[in-house]
């Protein structure tokens, strides 16, 4: 088979993740979906690295992971503090943007 | 010598400033200050007059240039005075009669707590009127012209708590403003035509100018004159102006201000001479007005209104004469002066009568007053004889000359105008006799319990006597070998009209119609008693009581129409002009209201929008690459 | 080793088989992530997907990343998720009932369209030829990465370091609650209670007539309705209140009826008022 | 370089604004006096400018200052004044002290409101007034289009707060309703002017683009552009020039305001307090007409003369329209507002008549209208504050109880109807003559307005002041000393400038001449050449001489 299928897979995962972000209301799950999307991208990068025969793609994937880690830490912290104050983890309840 | 000219204007101006800004502390001395300054101005006038008489006829004109007023490009207006024989005549009349009326007012206004302000206004009027006749260019004349308008506005509305007075004042000012349009447009045309509007150059340059422009100027000046001198069709304000205190009516609305139109036309003689069309318009206006005023005068029962009507018609005579050109100017001015005397006298007499009758003005409630106020009766009587043109009194000389000149216009016009003038004389005789009879003769129609007729104080009678003397002898003096005409000739240029009918014939005719008028009046009011309640009267009478319906016409056409117009305009402004703006605003609001729906505040709906945007971008890139 | 990801535009059969099997697993895992009702299950299935991805990394010659994926991602980050889920409430399931109008359809439609677009993009991109990481990984994958990171990407690397520090501090700041005011003593609290006037005595204990006694069972009011007051607020917040079993209520009603007969009273209102009892906790859990 | 007089003149009120705003809430009276002090200082500086200014000197602008500001866009900090600017700066600096004095109690804290440390309306009111003054002054001085635009727009901010924040307590329907109407008026004012400003901004950028395209380096400097155009280096394509002209003119027409863009004025003037209304109509709006004269005409001569007919008709419409609507108003302030619309029509008429009389007249008109409207509006404000109502129908017979108030009101009114002897007459007649000499028909029609003016003024006076005394006004006090101090100087000035406007005309004429030369227009010559035309001031003595020798 042609390694390009990996890319199709990545696209598929990415789309699923995106749909999850849109559908789920639990902030944590939404977060997981974002992670899923990031991973999909990483897969794509790795495959591109293999395609071009240099490691830059892997480097990018690596950085993505690092940043993702940081982002998860902060994001989860935010979720926790929100939960503390509002006793809910639903993103719909944090709808103060409109007022 | 010429430096004195400014003094003429300055004296009353200072008086006005003092009295109007002086405040209450001047209340007790105010009227004396005012009178003093008026008399002072008269004294200066007398000095200048004596000096002028000392000079040769050709070189009597004095000129004083004070300062350059509005210098812009080719537009140069100066504050400069010019005192020639014409101005001199007016100055003497104004300051003389003015001083007398100041004195008269001291008594007349004695019980008015705002007497100080009254004298302030009187002084203001004197200053403005003198400015008017002394100005050496039309723009400065315009200033005086409006100034007298303002003074008359203030004085007509002096008793402001009376709504009628306030309305009358407003009306007078507005109608005058209509006339002012004429004056200002005339000045504009002059500026564009000659590049200047000073008397000297303009009148000198009329020769080499297209007649069209001159006609335009002439007609516009005539419009101005109509406004100021209450000529048809702008005469309607004069009757109401009688709301003002009687001295005001005597000074402003009989002797001086209303004759400013005559001055204007005479002053601009050169223009009119070169524009026959305009001249024709002038005579027509004059003739119509003299009849109009006379007819109105016949119907009024209010003594002042009757006199106002007569003023109108007498000024009609003057305008007519002025419209006749060089053959008439001198006589116009002459009649103006004599009229100044006797009409002022008549008004003061009327004032004296009202003073004695608790300010009753309805002649039907007078009667048999001659024994109660003899001096008033005599002076009023002399004035009466003068105005109807009783042979030997001033009115006779001046009016007779005008009728002559009217015939001398020649051709059909001459006959028509002459006839009109004669008819006018007859009617004048009629209504003045009516006034005389209803006031001083016949039985008492007033209730002795309420009113106690009495002679007025010295301060009022003396001016009346002086004026009576004037109205007896002035005409005669002027006519001694045409002294007056020769005096004015250098300014107004005099030409002997060749009348189709001989002077004696005209005089005879005048006397005949005069007697006829008096006779009719005696039959109607002298022989049988006058009813206190006014009879219904003929259609003409009823129309004349309403100023020949001219007021109603104005009301319907201008007042109603104007209100309608403004109301609709307000509607349009709100709905159309402003509506467009508000409509735009509203539509914007609606649009944003729609867009607002997108902002649900839910993160996930924003996320959907983001994904949509991303999808669009991807699609776009793909399309780009495929293209 | 280098056989994997050799310079070829086709892969070995083994890799193909592996791809098809594990790929399916990954997709299923992803779907489970977004479809599972409870957060824990989503987390677990996501972890599965990530492990599969790790394998794919290895298969694509990214040995280092594969390991990191397992260690860091699956090992650390997902565990972090699980902790938070635990913190927020394991059993706190959010109903999949959509509240936003048309959101689900929009999401599905857009997701589908987006996916199709992506796939189409990949499809008509010329990605036929693969160089493979043969010589790139010649000196060893980790060494290669290190060379790049510490030379070409050193600044980015430093920046990410700073980012990580900041993130750690930020997380602490966000989650750490500063005790601004002195802890109120018991005396003060009692005084405050008295001052407030409502609920002066201590809160009622949970448990119903000692039938079965547990902290998550609300005590019953005399009329048989369970009182929320009796359950620990935290449990209430998580909705982990076990509802009073039906027969207990019926028993209580029985008791009351008998006592009322004995006292000759009618029990119309009470029985009706007892009805909402079981429903109450559920609603509380919704919030 | 020499002492930056212009900058300082603009800076003093700005500093004053900051200082006044900084005062603590308790020091209300101090704030008032401080503001008054600064405004007087500005007045002194303005007079200094007027004295330092040499009307005859060569070059259009004097006391110039020029520094590079944003070199990348060729924006320079360029100041300079010509006669017109000097006159208007003097007017502004003159009016502000009176505005402050007249508004002495307008921003006082209501008795019933609870004390609040942060809430400082008084300081805000006077600070905003000074801020407006500073911006107006600098936009009169700016000879750099961008600089001008900046302050032309910035002016809106303080004005917005002045209109929306401070109303006279004469709403009629209670304070709530009044406040609502106020803010509506303020928003309308803001949006209207912003719209104009944005269109102008587009035109400004367009101008920059054109200059950058043709001169190599883009510039906003008015003088550079004019000179380049004169030298033939810059010649804007007809279409472009017209578009740019319209962009500028629209903004100025909104500000002026010209029919049909006038509808914001009555609201703004009606709802705001009298001093603020004076600020709007007598000071801020003048920037619009001034800018027409300085920027529209000088930057786009051809386009100006292309648009002249339309603009003249619009001006004529607003002359008559404003007067007619004024006649129909029931609210004193709105009446004055519509009267102002009519007067602004005259100003625009004079500017675009393109004759020296017209433009000098227009400039004089700006000054005189400022003074006369200030007099009338402030007295009206005193009247309204006494009775607590803006409706004409609520008054009557005031003249009997408060004669001085009535007298000053009448004088203000007479000035508004431009009675000869008072300042506005000079300017109005000049405008009329200037218009007539090139466009007779328009001149004649415009003359009708003098009757309408008399109508609305006299009707107003009659309804409010004369007639039987109404009970509501029976206890009305006459003008207080502070109010007299405000009104008397204005009236004195009206009379002085009416009798002896020469200083003003001497100041203005050269500037107008320069403008006309830029626009390349000449006064139409009279049909008949009269030998004695060269002026009274020379003819007078001549005649006198000949008389003297005649007398010998």
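A, B, C and D are the chain letters, set down in written order, and residue numbers restart from 1 in every chain.
Note that contacts are C-beta pairs under 8 Å (C-beta built on N, C-alpha and C of every residue); 3 or more make two chains touch, one makes a residue touch a chain.
It should be emphasised that the depicted structure is a prediction, and the values quoted were computed from it without experimental measurement.
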> Common contacts of subunit A and subunit B?
Replying inline: C
>> Going by C-alpha centres, which chain would you call the most central?
In response: D
> Given the two chain pairs B-D and B-C, which is bridged by the higher number of C-beta pairs in contact?
Replying inline: B-D
> Quick one: subunit B and subunit D, Cα centre-to-centre, how many Å?
Replying inline: 36
> Taking each chain's centre as its mean C-alpha position, how far apart are subunit A and subunit D in Å?
Replying inline: 63
> How many angstrom lie between the CA centroids of subunit B and subunit C, rounded to a whole number?
Replying inline: 100
>> What's the distance between the Cα centroids of subunit A and subunit C, rounded to whole Å?
In response: 15
> Of all the residues in subunit B, which ones touch at least 2 other chains?
Replying inline: 600, 602, 604, 608, 611
>> Give me the residue numbers in subunit A that touch at least two other chains, ranges are fine.
In response: 18, 22, 25, 92
>> I need the residues of subunit C touching at least two other chains; which ones are they?
In response: 100, 103, 106-107, 110-111, 114, 118
> When you check every pair of chains, which ones turn out to touch?
Replying inline: A-B, A-C, B-C, B-D
> Can you list the subunit B residues touching subunit C in their complex?
Replying inline: 600, 602, 604-605, 608, 611-612, 614-615, 618-619, 621-622, 625-626
> In the complex of these two chains, what residues of subunit B are touching subunit D?
Replying inline: 2, 20, 55-56, 58-59, 61-65, 67-80, 136-137, 139, 142-143, 145-147, 150, 153, 157, 160-161, 163, 165-167, 170, 173-174, 177-178, 180-181, 184-185, 187-189, 191-196, 198, 200-202, 204-205, 208-210, 213, 562-563, 565-567, 569-570, 573, 577-578, 580-581, 585
> Where on subunit B is subunit A touching in the complex?
Replying inline: 599-604, 606-608, 611
> subunit B touches which residues of subunit D in the complex?
Replying inline: 188, 191-192, 259-260, 262-263, 321, 324-325, 327-328, 355-357, 360-361, 397, 399-400, 407, 414, 419-421, 425-426, 429-430, 432-433, 436-437, 440, 443-444, 447-448, 450-451, 454-455, 458-459, 462, 465-469, 499-502, 505-506, 509, 523-533, 535-537, 539-541, 543-544, 547, 550-551
>> So in the complex, the part of subunit A that touches subunit B is made up of which residues?
In response: 18, 21-22, 25, 91-92, 94-99
